[in-house]
């Protein structure tokens, strides 16, 4: 077992070098044991006790400190890759035979050995969730250690299969849900923080609120993603009204379901997308339950707007009237009145431009991540609401701007096609006019021609 | 979309040629539509409606006739493989760069496109079970159509990941279980047929019987595998006693849990092994619940014994006293008495030899499939019981022979190692002596030397 | 504790006299111990261990033989009644004071001590069901031992309180229900016997069948009553069609829910009526689930028809053409044809008369028990179906006659009022005409004047 | 229907007189309608729609204001009592016949008609809980309106039957319980207030805490009573340690289960005792789950101690050294030291005397309600803990005194007998000595002789 010995001594060197602390002395031995356990787990002969070994491996991992984890990841990335000699040999055989058997063999040897290890770790009960947390650790190290990217790709590859849509369970969350799950909503809410249990209870009021989450059978009562919905009369333009429930409507009078918060719960599942399916399934669920509902919209933040505006002004690209940013910061518009009336058209125009025309470096996709998500799902950009969120966070991220994205099941497919093929943002004529107006002001506007001209949504303009 | 057009015309040719029936006219168009749907499902752009498309594909598949299914499988095997040009290009790039990115790309292009398609089909609710049934269809065609083997390998690869042990749920089955699940036990029981609901009820008697099954969250109340357990006083030597319950013991006096039937339920999951994990988890569960239990054994059939004996005699390899087979067929031994006393030692010796020495063509593994399974799990061969099963099936398969395999948790690992590395069958000294005696009679015995000498189990001999 | 001693010696005398068997020797001591335990249970001081004592009492009761049970019931009836002296004293006090306190005291001393004992027995888990079974035993003895009637009245009084409608749970029964519950349906079905599990499965087919039962929390998975419903197109006139399912309709095309079997499960709950509530709650449930349903009818037996007809003829009260009963028995009408056409109007006329005019001795209520039940619930008599049930039982009970009772929620109240106040049977004009025709033939018809003239149901005739 | 008309006009008079407010004008009509509905509910003829009528009655009651409710209760008390003429007639018949039928009739007419009404109101789903709340309203009026006592007696009589122990379900409460139930614990906790959800979570920590509640099937997720248990090493003497969890022990090392809070949840169920059964069932449950547990004790408040001490001193009955009460109020003993050491023996002596010797007016039962409850359950007085509760409430109620009551299943019965028959408090010798010492100081001590001499618990003194 020379390979293992080599590993162990390399672990020794590595961890000594990195930690340099006397009190971390046990890390090498702990990591060494973990590595040895993983090596056992790779063997074909040990099937009879694999579950126990996998369990030990995960426990040992959990007890590692940060340096130990990094060292473990580096070992996996380096020593559990595919083996070049076997690849070359398999390719030679394939070239000669060009048959299925040789191709299957080539595929098999190209697979990183890490994937086999991760599948084995997944054998023990609770293993899946431990692996999700392990990847969360890994993601935290990825920026500083780009050499770990292949390991991350293996996680992503396996998670895509394990967290297949077909395995997810949609659950309605309400006040009868267990406290163990509810406290996780409080912890994971990422858009509009839940202050306390009273706030949570308001958001689960059966009269005019709904909440849905996806769960996976292997991760038990850990939600993967959840969405909060408010039933309203008309399309809401203001998040404070919803959060403070100043405007309750009887269920039978509500005509609109507003998705006002959608939060991913597991950072370790980054890149495994659930939101798209969640929203669509919830739309169907609500339609079935409440046939009176006519509109399915979001009330969404525009998290990149303020930063973009600042940068645009700093770079002198924008010709702003009387320094718009300063006025926005001054906040005289917070109360209805002249200041607001004067600023509103300017904010709208810039927001429309930001959402429709401003793309992420060369990708043809919107710079704003929330816009990317909903437009990519096939929603259309329906309305700009200003001011729509005067919380501290709302002011800082987007000068209080919020937008509605509209989900029309019968248009989703074609919106999505237009967006993903041509980068076209489907929106109302009004928003298109707003954007056009803003473009005039941009010093470099002429460089950005018609290709991104938004499509209008006929129904939205009717 | 030339590829699709080519596909469609090839479908036309194929199905016309094979079916040759006027009334199957709709098959081509139905298959053509399925193929077209699958092609849509492969596109990156259609994510928004993937679930619906996957659903349509599975429904169209279900409505195909046998010829249509074969044609569909052949199309998948041929046209959804990996693409050679891309493999060559990726290999060239990898050879030059020898880095992770190029390796990942090579891995990606080596993956058969079928796997992507199957993952997409798995998106819709209920899709997993439809795919399991699809593979059951495929397995039925495999012998006559070996060209479909690569497609089967793709199913096996994905199922191994989807039906990972970590996703399985162990459930206790009893008379409070739903009739919908219970009737599946009746249908799937593969060892000792369940005659009717009364027979089933007896097997679920809470006083001295237990039954456990594995379920998978994506296949709902379809059991994957189940095991039936009888609580006994002492190790049972006779299946009729268990099935007819002539020997009930109070739960607190039982010292033995006998696994007398274990059945896989889904032919489409062939090769995805659950039995090993099931038995071990049930042993742990029973130990926890009933601390009085001391022995965990099977009462197992020896399905290949009679056929081997016949063949051995036909080939003249065996020097049988007074034509043993004829005497066994005559059946005078069915009642206790001289005939039985005379035959018993001979049957035992031959059985011991069959189980210990007779291997499946060159593999070093026992010829008998049940022996292969339990010994491969780390059980030891504990006792030969003759006569142990005088049912029609038992007489035909094994001249009434049954055996006990013993599961000792603390020895499982080492038994398994000895078995899988050296092919050694761990058994009692008594069985070893029986086998030795039989070997003397074999004409070709000298060709089969000591390599397969069984290891004895010290505890079993104490 | 003289009272107890007296009891014990009276037990001795009683059981010796009645059984007269040497091998029942242990009955006296067993009964004596039960009586002693019951006496302890009556004491105020023993609260701390009441549950255990109640448990012992119920176990001892269960182990008594028939003679012991009779003796036990007689003791309860005799020695656990209210005490006359205390009643006289309390009445005197009440007469003097005429206040609430003295009235309450009078009420308290009039309560048979048996009720206190039964409440105490009900303390232990499972006690309620044991008491239900105890009353079933009692009911079996009541005819031969009318002196036990007061004890039965106590059971009835307490059960009416414990099995209050508010405590019942309506459950839908289907193939996903546990086998433990389903086998009880097979056992308790009292109208059209369920042959086996296959027959049961057909009756639970989710496409066109429903089944509902009431359960009580204290009696666990023991159903109290259940009803079987078939979804049909049009009002069914024949039970064989339903039981053999020759006429399935797609759920969306069904316009009628037919209640074709309703069975009480617990003989010990005789007189505690659940059927009325069950049918009405099921009607509401079905209306909610399947808005297409327009008719809610029964397809009911007429269990007293044949016996009444025989008796009527025997007593010479009826002037039957060519001896109708003989023709009915001959059975030439079993196949469609002349014999049937000739008999049909006569059978209808007699059936209409039987259901509308024939009353149970002076009560003003129909002689037929099924008619009493449904008409008492507020249903109307909707249609006579002949032949409707050609099973052996159907032929014997009612010469194959079946009837539909119609449940119209908006008429139930007024039908019920008319029926319970005036004994009026609400039915269609057609049935009224049939009955009128029959009355002409009755020799003693003139004695039975207009008082029972049925009311017609306007809607049913529209 | 003269009776009803009379009722209605009396309602008019009554409510006009009592409220005297123009804006309560609708009360009479609302109450009138309720009364009319109740009258309908009493009729035998209306069974078909009883559920709906009961529902309407309960809704109308819920919408009454305080004056309306009082008026309704008064009507019930006055007009729905038993009817004197019928009682006199039935008694006369009974006196003549002296048989079971006439006795049963007497019993029937003595029953207040209110009970029939309440049983009918209980017919509708959810009715039971509405009646529990109705009685809670009634209890609030009872002191000022003693004429309502008979109505309260009817509620109590029926509730005792409906909330029979055999119908209660014991549930373990933990962090997986629904928030809807958990928030009720926060609301109903009556001993040591739960500050917030964080505090609650601590009390449900699965490592060393348990919580159990009784539920009734007809009142759904409304707990009736719950108890909080801490697992400790040794018998705890201080509530702050438990509430602030400064002393966690691993589950396997705990030898003591301490019941530190027990709260009734439904004031409307006053007098229906659940606590006794709850504690005993929880003791059995814990013994089964955690066989290591040796001691089952409470850590209980002494709510009447401070008030009794004050009163005793005010009445000059007690010869206190240096004015003990003032020193207790000064609080120098709050920190360990001389003040505490000096006071401790005096507090203990007085507490022992208070718990053992001081009885509630002539009843022979302890004055302290918590002592009455646990000693009545068969627990023994095990240890006095001072200071045991330095919360504001603890200081005020009992100058920080707490006590442990010990539950030994095998002694419960005999302790209970001694207590309920002779008023003897079973306690340790140490506590007996403390009490004896205090008795010396009492000026009127000689009046209170040996009758209440406590029995010692041999095991507790071993």
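So that you can tell them apart, the chains are marked A, B, C and D in the order they are listed, and the count of residues begins at 1 in each.
Operating definition for what follows: a residue touches a chain if its C-beta (ideal position, glycine included) is under 8 Å from a C-beta of that chain, and two chains touch if they have at least 3 such contacts.
The chain list, named the UniProt way, goes like this: A, B, C, D = MCD, Malonyl-CoA decarboxylase MCD.
Model, not experiment: these values are computed from the prediction.
K.L.:
Counting in whole Å, what is the centre-to-centre distance of chain A and chain C, each centre being its mean C-alpha position?
P.N.:
Here the centre of chain C sits 62 Å away from the centre of chain A.
K.L.:
Just give me the whole-number Å value for how far the CA centre of chain B lies from that of chain D.
P.N.:
62
K.L.:
I'd like to verify one number: the distance from the centre of chain C to the centre of chain D, where each centre is the average of its C-alpha atoms, in whole angstrom.
P.N.:
Chain C and chain D have C-alpha centres separated by 41 Å.
K.L.:
Once you find the CA centre of chain A and the CA centre of chain D, what distance in Å lies between them?
P.N.:
53
K.L.:
Which chain B residues sit where two or more other chains touch them?
P.N.:
none
K.L.:
Think of each chain as a node with edges to the chains it touches; is that a line, ring, star, complete or other?
P.N.:
ring
K.L.:
Return all touching chain pairs.
P.N.:
Touch list across chains, by label: A-B, A-D, B-C, C-D.
K.L.:
What part of chain D is in contact with chain A in the complex they form?
P.N.:
175-180, 182-183, 196-197, 201, 221
K.L.:
Could you list, by residue number, the parts of chain D that touch chain C in their complex?
P.N.:
So the residues of chain D in touch with chain C come to 44-49, 51, 81-82, 84, 87, 91, 94-95, 98, 100, 103-104, 106-107, 110-112, 119, 122-128, 149-150, 153, 158, 160-162, 164-167, 169, 217-218, 276-277, 280, 377-378, 412-413, 416-417, 420-421.
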